[in-house]
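Next come two complexes built around subunit A: one with subunit B, the other with subunit C.
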Partner chain A sequence: MDLKEKLLSSFLVFENQIDIDTYVHDVRNDAIKIFEEKGFPTKKEEAWKYTSLNKVLKEDYSVFPQQENAIEYKDIKKYFIHDIDTYKIVFIDGKYSSHLSQTTHDGIDVCLMSSALTKPKYRILIENYFNKAATKDSLSSLNTAFSNEGAYIHIPKNKMVEKPIQIVHFSTGNESATMLQPRNLIVADENSYVQIIERHQSLSDNPVLTNSVTEIFANKRAIVDYYKIQNDNSNASLIDNTFIKQKKESVVSVHTFAFGGKLTRNNLNFFQEGERIDSILKGVTIIGEKQHVDHNTLVHHIEPNCESHQDYKGIFGENSTGVFNGKIIVEKEAQKTNAFQANNNILVSDKATINTKPQLEIFADDVKCSHGCTIGQLDESAMFYMRSRGIPEKEAKALLMYAFSNNVLSSVKIPEMKQRITKIIANKLGVDIGFDL
Partner chain B sequence: MSNKYTEDDLREELKTKEYEYGFYTDIESDTFPNGLNEDIVRAISKKKEEPQWMTDWRLEAFRVWKEMTEPEWANVHYQKPDFQGISYYSAPNSKPKYDSLDEVDPELLATFEKLGISLDEQKKLSGVAMDVVVDSVSVATTFKKTLGEKGIIFMSISEAIKEHPELVKKYLGTVVPQKDNFYAALNSAVFSDGSFCYIPKGVRCPMELSTYFRINQAGTGQFERTLVIADEGSYVSYLEGCTAPSRDENQLHAAVVELIALDDAEIKYSTVQNWYPGNAEGKGGVYNFVTKRGLCEKNAKISWTQVETGSAVTWKYPSCILKGDNSVGEFYSIAVTNNYQQADTGTKMIHLGKNTKSTIISKGISAGKSQNSYRGLVQINSRAENARNFSQCDSLLMGNECGAHTFPYIEAKNKSAKIEHEATTSKIGEDQIFYCNQRGIDTEKAIALIVNGFSKEVLNKLPMEFAVEAQKLLEISLEGSVG
Partner chain C sequence: MLKIDNLHASVEDKSILKGINLEVKAGEVHAIMGPNGSGKSTLASVIAGKEEYEVTKGNIEFNGEDIDELAAEERAHKGVFLSFQYPVEIPGVSVTNFMKTAINETRKAQGLEDMPAKDMLKLIREKSELLEIDRKFLSRSLNEGFSGGEKKRNEIFQMAMLEPKLAILDETDSGLDIDALRIVANGVNKLKSNDNAVVVITHYQRLLDYIVPDFVHVLYNGKIVKSGTKELAHELEEKGYDWIKEEVNA
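Up next, the complex of A and B:
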């Protein structure tokens, strides 16, 4: 039985198990129909031209991990940004782990999707926001059909959240292969401010496939800082679908740090529904082995006077493959749009591949849109400069690569987070130097 | 017997009937009836007195084409042509082959006059040899002698099939195979005529070679086939210009151009394309679905320059396969769309050899309600050490009802590759217009001035005579787009 059939048949069981709220029930049923019709995307589809799911889908995933697994905080401490106080929402094999988490209902809601979907007091919010940003593509629909658990964050009007929120999804690998479908919903009301860090981590070498959907709503003048850390085991695959709807004068930035995993696909979609919006998309990708990272971004400029800034840096070693597919659409009404996109790549190995497709679709005339894309090597003269001053080759290379990605790092607003990323980069590049010298 | 008349008999009878009266075998007629089947393909081949291998080659292409479906990936929308509603062969009224211009039908000459092209003038003033193609059959070839002395072969492809079969057989379909794509397959099956050019080893062609294509007879699709071979160390500059008289119904143009640059050779291929774009309401106009590709051997260079102002729908990607080491590919393009025109054009640079270089400069100008797309591929294969690419796509938008799109694909598999790609989209600055107005230049002129400046990088690459023509064309194409 292939994965699609398995998912379709387990949907029936799943629907009977959970509390059926009529609204969500209908949404789920519609979604499974879409998935049934479309199936998993193949390379024939333009958006999936450079990424094949075939290998990943071959595994015999268990769709609902059966047993509850407990893990000790000391074993997984390193996966958190632990040197500062944060809210934490932690899931183990898709199930909420209360003893590892630190949630709140005090002024803000940092809690669970499962309770938001079932408790009457959230009903209006769910009806207003749930599945309202996600598109009807097959993988998001699949997630919608099985949406049950994940993080639910609601920041009310004029509220500034004083500490970051960490959302961490662990998989224990107790089953031979696991498929997870977390669903997150984040609503930031007028004038609110929030920082969120998201991470998916597998704790064993067993294959994991995560098909995650995150919906973010930034209302008037809200500011959302979102960080994604992707540094997983070589058998873990992640399809991360993020949909962001922005209202007037809001600012949303998403930083994606892709350092590993077997296959990582980031579908990052911004919809600007108001004037004077700013959207920031930044990413650093450093991979090796046979890893595959695909960034697929969309910025949809619908209203006038908005901006978007994209900056993606990639360093590809060994047999790795990198894909960047960035799309900017500027609608007829979206005059005075400023949209920038940059994608710079370094190929370190002859067996590495980079495919990039920066795409502009522009229907308005009074706009400033530009994209730049480069593929190149480290500067020989800079290398020579450092070597001649006694810096070993490896360190010199690492310094240059760090400098290359620093543009993106410099806009990270949480210092501890920046340190952590720096450490990961040093680790990836195989050197033991702190770059903040 | 009669009462045992079965379905099988009927089928048999129908079969024989068609065979007996096969309506397309009348090769005397100047225009074939509408429709396409194997008989038509055979008849075209027969009409052109082609050898058997050519007929087989066409049939092979036709069989492949039948299995193919029309591509839909391009960013254009149009009513699909009815391939059975087109006549696949038509010849000008008077029988071809003249020794001098005097023998040419005066009406035909009048058409040329209207288009502003006088063969005599061209001959005397610009020293351009022309192989004029009017609806599929070449009627005049000039300067053949001068070229002949150098050993240069420049003739229509149907003549070449007869006179130089060894060259045609060796190179035809090597760069654009019959099954390459839907329109290339169709062209391979039914191409009526086109140009053939061969430059021998070490020869530098003394003049710009040029061909004018025109669509003259209503309802006939034109399927041109061009093959240019530059032997080792040779050089040729080839011009192709298209103008078409106004027509109310959609006409299909599906040409194939193959360039082969052998070691150390250089081919410069320039196009000015001005097919009928349809009227201001978007009615009518030519569909231009062209496959153009060049192959570079060692140290060879192919340079494509194009100015696209016409056609209702354009679908065109002149490409370079940089097979040999140190080979160079260039692509310079201006695409102007106005009213309801749609253009999806760009290039492919396939780097296979070491130290290969490619440059892409594409300027898109959209006005009215038109859609203008750049679609390009830069591919660096794993053995292409030190490959270098520079791409620049700039778009200029006039008015807020048009669209400009870029779809660049970049695929690198070699770490020594250096690729740069940049694209910008902007409009004509109000300050620029104001500056011109202030100095007494009216807005329409000012726009023409700015557009010419915007496209200068490409216009400079055109041969002189063409550059002047192209500049005028830009102005004409954008007429009435102010406001």
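Up next, the complex of A and C:
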């Protein structure tokens, strides 16, 4: 039985098991029909031209991990930003782990999707927001059909959340292969502020496939800073589908740090539904071996006087492949749009590949849109210069690569987070230098 | 300290150095002069260990050890320093962090611990004052947007920080106005001691008024064709290089 059939037959069991209200039930039933009809995307589709899911889909995934698995905090502490106080929503093999989490209902809701989908007090919010940003593509629909667990975050009007919120999904590898479909919903009401860090981490070498959907709603003047840390094991693959709806004068930034995993696909979609909105998309990709990272971004400018800023840096070694596909749509009404996109890449190996493709669809006539992509190598003269001052080859390379990505790193607003990323980069590049630029 | 014996070097099969012999002892200042294209910068790069150049014959000895096979950073760790004619711009790496990394990597190679942050700051303050460098300048990206003079001053600042045994100054005077020239030369002279040596590569005699050489060599067509004392530099300034070429070709 292939994975699609397995999922379709599992759905019936899944849907009967769960006690839910009609709205979510209908949404899930519609979603499974879309998945049934469309199936998994193939390279024939333009948006998947450079990323094949074939190999990843061949594994015999367990789609409902049954066992409850416990993990000690000390064993996984390193996957958290642990030197600052944060809220934590932690999942182990798709199930909520209360002893690793620190949730709250005190003035804000930082809790579980499973509660939000079933408890009457959340019904209105769920009906207003759940699945209202996600598109009807096959993978998001698949997630919607099986959605029952993940993070649910609601920040009410005028609330500034001082502690960042960490959402961490662990997979233990207790099953020979695991498929996870976390579903996160974040609603930031008018004039609120929240910082969120998301991470998916496999704790074994067994194959894991995560098909995640995150919906973020930033209402009027809300500010959301979202960070994704992707530094998973070489048998873990991630399809991250993130949908962001912004209302007027809101500012949402998403930083994606893609350092590993087998296959990573980031579908990052921004929809601007109001004036004077700012959308910020930044990414650093540093991969090697046979790793594959695909950034597929969309910024949809619908109303006038909005901005978007995209800045993606990629460093590709060994046999790795990268894809950047950045689409910007500027509707006819979206006059005075200012859309900026940059994608700079360094290939440090002859066998590494990057496919970069900007796609601009502009229907308004008074806009500023700029895009640029570059593909280069490390500057040899800079290498000799640094080495002649006593900096060894590996460290000199690392310093140049770090400097190359520094534009993106410098906009990370949580210092401990920035430090952590810096450490991961140093680790990744196999050096022990400070980089305190 | 430095002993170069019958050194031949080429780049992409083009032979540039054709048998250089040169000995520099501790405490000495040598000047290497010569017309454009004679191989001066190549000699500097080959001593510093630039990989594009292939040593085809002869060898370079530094403090009794063959260094031809060593990587550029290993030569630096042993005390070889090259001040670049065209210092490279490195966006995103500050002068301070670059120096910290260079010093600590050198210490690591010598089996020493990292320099304590306090000592590092003190050293930076001391040496930046010597070169009359503004503190703000140190947090800027290395060489990025620096004027010609700033770049050269920054090279000598780095030399002061690293305290090499052998400093090779490749056309350090080019692009300097008279004030900057004096600051740079003053810096070099203050660092000069009986334990280290300086090789000044220059096209003009101007810098040698400030950094006075013990020996002057003329490089022409990949060979040292004439050696003398500082008077030779004056003679070259007056008469140009044509008479040397004629002498050699005759």
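The rule is short, and it goes like this: the second predicted complex is superposed on the first by the 436 of 437 C-alpha atoms of A that agree within 3 Å, B and C clash if a C-alpha of one lies under 4 Å from a C-alpha of the other, contacts with A are read in each partner's own complex, and residues count from 1 in each chain.
FYI, a residue touches a chain if its C-beta (ideal position, glycine included) is under 8 Å from a C-beta of that chain, and two chains touch if they have at least 3 such contacts.
Since the model is a prediction, treat every value here as computed from it, not as a measurement.
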Which superposed partner A:Glu361 touches (first subunit B, second subunit C, both, neither): first
Which of subunit B and subunit C A:Asn158 touches, first, second, both or neither: neither
A:Ala352 touches, of subunit B and subunit C: first, second, both or neither? first
First (subunit B), second (subunit C), both or neither touched by A:Asn406: second
Subunit B versus subunit C as contact partner of A:Gln377, first or second or both or neither: first
Partner with the higher number of touched subunit A residues, subunit C or subunit B: B
Partner chain(s) touched by A:Arg389 [first = subunit B, second = subunit C, both, neither]: second
Parts of subunit A lying in touch with subunit B, wherever the complex brings them together: 46, 332, 335, 345, 347-377
Parts of subunit A lying in touch with subunit C, wherever the complex brings them together: 379, 381-382, 384-393, 395-396, 399-400, 402-404, 406-407, 433-437
Contact footprint of subunit A on subunit C as seen in their complex: 48-51, 71-73, 75-77, 81-82, 84, 87-94, 97-98, 100-106, 109, 141, 158, 162
Subunit B residues within the subunit A interface of the complex: 73, 380, 382, 395, 397-427
